[in-house]
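Next, two complexes with chain A in common: one pairs it with chain B, the other with chain C.
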Partner chain A sequence: MGPDGAPSVLNGTVDTIAVVVLLAEFAMLRSTLLRSQIRLYAAQSFVVAVLAAVLAFADNSYELLILAALSIGLKVIAVPVVMSRTVRRAGADVAGAGSLRAASSALIALVAAGFGFFAVGRLGLQAHGLSPTVLAVAGAIIMVAFVLMTVRTDVVSQSVGFFSLENGVSVASLVVAAGMPLILEVAFLFDLLVAVVVFGVLIRVHHAEQGSLSTSDITALRG
Partner chain B sequence: MGLEIAASGVQALQVATVALGAPWVSGVIARVEAVVQGRHGPRILQPYYDLIKLFGKESLRPAGAGAIFLIAPFVAFACYLTVPLLIPILTTFGLPLGSMGDILGGAFVLALAAFFVSVAAAETGAPYAQLGASRTTTFSALTEPVLLFVIFTVGLLSGTDLPYKMAETVTSSASQLVRPAHLLASVAMFLVVLVETGRIPVESHRSTNELGMIEHARTLEHSGPYLALLTWGSQMKQMILYALLLNVFVLPWGLASDRAAGSVVWAIVSLLLKCVAVGVVVTAIDNSFSKLRLFKITEFIAAAFLLAVIAVLTLYLGGG
Partner chain C sequence: MAALLIIIVIVPLVAGCLAFVVPTRLARLITFVSGLSCLALAVALGVGVHVGPVTFGFLRADALSWVFLVATAFVYATAVTYAIGYQSPASATSYQHRLFAGLNIFGWAMLCAPLVNGLALLWVAIEVTTVVSALLVAVDRTPRASEAAWKYVIIASAGLGIALFATILVYQAGTQVFGESYDLTLTQMIGAGSHLPVAPIRLAFLLAVLGFGTKVGLVPVHTWLPDAHTEAPTPVSAMLSGSLLAVSAYAVLRYVQICRPVLGAEFTGAVLMIFGVISLLVAAFSIMLQRDLKRLLAYSSIEHMGIVCLGISFGTPLALAGVLLHVLAHAAAKGNAFYGAGVVMHAYGTKDIDRIHGGLDVLPWTAPLFVCTIFALCGMPPFGMVRSEFMIIAGSVGSTTRIVAIVVLLGSTVAFLGLARVVTRTMFLTASVAGAVDAPSPRRGEPSAWMVAPMLAGLAVLVVLGLHPPAALTDLLSQAAGELM
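This part shows the complex of A and B:
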């Protein structure tokens, strides 16, 4: 703790980076173009990698740098490239579809973020002397990602929402268990890779069958 | 330590700096803007010449416009002279009348000025002035909650609602600077300043198209000395908001911490330079984005609101 109840410079920096990740999540919710959504996901993943690097230098645990490099390679370059190629191939819609207007979905997300904040903040978890704020922000990121997946009715936004949810989980795991064995962290990353493949296939199949990326057509299949 | 200036003298200097410096800041910003756009642009002192010219002109009153039309410019000008008493323009310590009102009080005085100008615009019966008045009122009602949450953040951070205490808190240590609450509130405040000073992406301030105007349209019916006061007032409002953003949130360095003549003079010079720096940033935004459609402005303000709410949330959990 610094003077006047302010967190230390490291804590403040880590908190701020986490808040930037949260803001990127809100920006994803706001952006309608699928392309810009994927770009925002890449930017968000980059910020998470920066967080890993900052923690690596703060903790002298340099294996986190390997993790940062891996997540840059995978989440900043590979996943966005695969996703944008899928969208370009589908060629059907440029913009995603939402069931709510921008302002209402932002308000709902704000309420959900507040819930995430308080739900996690009340647990009072403390790790490595880092402030509980980061965990609370991670909770908010996950909640907003859920809102993104819920209010959007196109496959691409929903999968981007799922991937960015993984970013929220990464933030939490980086802070709580920075000393976690590298192999586990890498395993998480490869989980994500599996998810990308699964979602890629799903998007292809859905587009081939429905001729669009919107999931609202699927509702018609109800028996 | 050399010459000391009396506290009331510093107080008077705060008001004088804003009153006399505001046209200069506007002039420099206009010049920078012209250079960015590849024009030569007006002289830096042009705003002063404009004011002198307007003070020498006759003034006309639309038929049917009442007393408020004539009083409003004076009330607004008086309000803009009052606010510099309440906020840290030159000093980090409170001055004699500084505790007369807190940050909410300052916001109220600014709102009073806006209210009078809007009522005067409604008084004219002219369509564009009324359009400006109704738009200004609508959008200031929307920016109000943002401002409130920013003020809450300031209050929670510094444990007081006196603006100069906040400046003290920010300069106290680097850890205060990197707290997310402080950064978020600063960005939200910057967006509010963009809205309130009528800049892109909300309003194009150089435009002469009445349908695109918001605040600017309100003064279309005033002329002569009345228009001079309103123009001068809006230049002062811009400088007050810049000073609030700079000295309370972003760059509270360069403020005088004692009443020595040297540090007060340096505070004046550094404030003017800092205001120009903000002006350059605003100009850069002005020239790289397009104006939002009128109905998209609410989304812009909603983004500012989001930042301010997250600032309070991160703070409320302690630490943030």
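This part shows the complex of A and C:
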């Protein structure tokens, strides 16, 4: 906090970045083109990397700079490239219409974001002198990512939902667990890389077997 | 002993990599040797953990992790043995490479999970089990398999996303004890005891149970499980059910171990009891409705994971020792059940319970073994589960949860009725008696000795666990239960 109770520059910057990540999540939910969704994910990941860089300079913790660089390489470049290639091969452009209308999806996402924000915000957790608001926003990002995974009816949107959920957890990790050893952070990123490859393979298998990227028709297994 | 830790986490990984590149006959041999050697090494590690935790770098084994390690190693060893018979040498070479390499890498990831010394690494290991096993579920490349694999990977990954958030919250809580930067090892977190702050630990515990519970198959986040277990190749189904669910339950147990000193036994017990009761009852009644042999067994797995959850919620030393014995017995029994179902499917060409009759006349070895295994799953003597369930229920006596013990008995009885009905129809009744005119009538005989041998081993384990578990084993179970208190 500043001298008169106003947020410090660092607090304001970090809060703003977290809100931009949340807005990107809403934009992904709203987006109807798969390529736009993937581009939004790349942009969101870049903003998360910027957050890591800001905290690195604020704390003189240069391990976070390495993490930011790795995040850019993986989440801003590698993941979008893999996903874009998958979409191009499948010849699909438009995301699954969704199991709900756009307005209903947005409304549910708002409610979910509010729940995540207040449920996590109540904990009042903070570190590095940052306000607890950032962690609460991370909770909201995670909840909106769940909505994206749930309401969209195509495998690419659901994958992007999962990857962006990881971005929400990254925001939380950066603000309350920035001291986590780099080796563990790298392990998380490596794991994400493996997940991306496997998602890519399964999307191709799904497209080959079902003839589309839609999940609307996969209803054979019930009971 | 530290060397054993290293060898166990190297052998299956090397076997998996080799299985991709060597000729298929050699891939089968390497896989078989890897499975058996991991089992032998896991058992041998028991001597070390009996004295105290064995650690090396990021690896750590104590009595609790040993129980899950042995359960996993046993299912891995029997599954790869079964796979040799299950997989016809005439199958496509690329398919065989994918299957055997996948089994090894899946086994490796599951063996690593109980051996890593840290909550973050535990999460990584369990996430790796998810992505590897999702590929294995889809390995048959059928529309149903791809549907099951997609549902599995997306639901389990979402669950693990929640569990990752829980891991971050625990890390944050630990900063108040260990400072800004520390390794999040199990040793540290268990040692922190009640010094951790309540608020983040409470949320972390709830999220961990929900997140890892998705992989355990707890209702209502279980919906991937019946599909994946049904559509995966049989050795993979056995590994999913016999060991993957247990490994995920291990993660929940570690959170219980860390969080209980902070939150109290009542809170952790209540959360697990709710999930356990719902899982047990939903699964037990679902068993009654099934028409697919493997789907029936999948719901039986959910039922048993419900029992495990309830046993943990009781929290007494006897109930916890019963839980750990149940994990071992379930690994042997559920592996066996899927192996038996796989042979039945091979003989009859169907999983449809209504079209399978007279198994005892057709499969001279598999059918009796399958019947015994189903009775073992029902908690009948002289098999291991009667002992473990008795310990769990006896462990609840004296606590305030007697009504829940009655629920366990009710759920187990309903599940018994469902399983007994199916085994009677498929194994004892002939097609003519059952009035099934268009049922397949396969030739008498077993498809492969490789598919029968693991069932014999599994049944032997179940009998030993039921009649007279070795003293060294019961000591380790008590030691592990003590670690949880």
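Just so it is clear, the second predicted complex is superposed on the first by the 212 of 223 C-alpha atoms of A that agree within 3 Å, B and C clash if a C-alpha of one lies under 4 Å from a C-alpha of the other, contacts with A are read in each partner's own complex, and residues count from 1 in each chain.
Here is the rule we use: a residue touches a chain if its C-beta (ideal position, glycine included) is under 8 Å from a C-beta of that chain, and two chains touch if they have at least 3 such contacts.
All values reported here derive from a predicted model rather than from experimental measurement.
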Look at where chain B and chain C land on chain A after superposing the complexes, then choose clash or fit.
-> fit
Which partner does A:G12 contact after superposing on A: first (chain B), second (chain C), both, neither?
-> first
First, second, both or neither for A:V111, with chain B first and chain C second = neither
First, second, both or neither for A:F146, with chain B first and chain C second = second
Angle chain B-chain A-chain C between C-alpha centres, in steps of 10 degrees?
-> 150
Is chain A touched at more residues by chain B or by chain C?
-> C
Does the superposition put A:V169 against chain B (first), chain C (second), both, or neither?
-> second
For A:F26, is the partner it touches chain B (first), chain C (second), both, or none of the two (neither)?
-> first
Answer with first, second, both or neither: which of chain B and chain C does A:I77 touch in the superposed model?
-> neither
For the overlay built on chain A, what is the smallest gap between any CA atom of chain B and any CA atom of chain C, in Å?
-> 16
Which residues of chain B touch chain A in the complex?
-> 169, 172-180, 183-184, 298-299, 302-303, 306-307, 309-310, 313-314, 317-320
Any idea which chain A residues touch chain B in the complex?
-> 2-9, 11-13, 15-16, 18-19, 22-23, 26, 30, 102-103, 106, 110, 113-114, 117-118, 121, 131-133, 136-137, 140
Which of the residues in chain A end up touching chain C in this complex?
-> 119-120, 123-125, 127, 142, 145-146, 149, 155, 158-159, 162, 165-166, 169, 172-173, 176-181, 184, 187-188, 190-191, 194-195, 198-199, 201-202, 205-206, 208-210, 215, 218, 220-221, 223
So in the complex, which bits of chain C are touching chain A?
-> 118, 120-121, 124, 127-128, 131-132, 134-135, 138, 141-151, 153-154, 157-158, 161, 164-165, 168-169, 171-172, 175, 179-184, 199-200, 203, 226-227, 230-231, 286, 289-290, 295
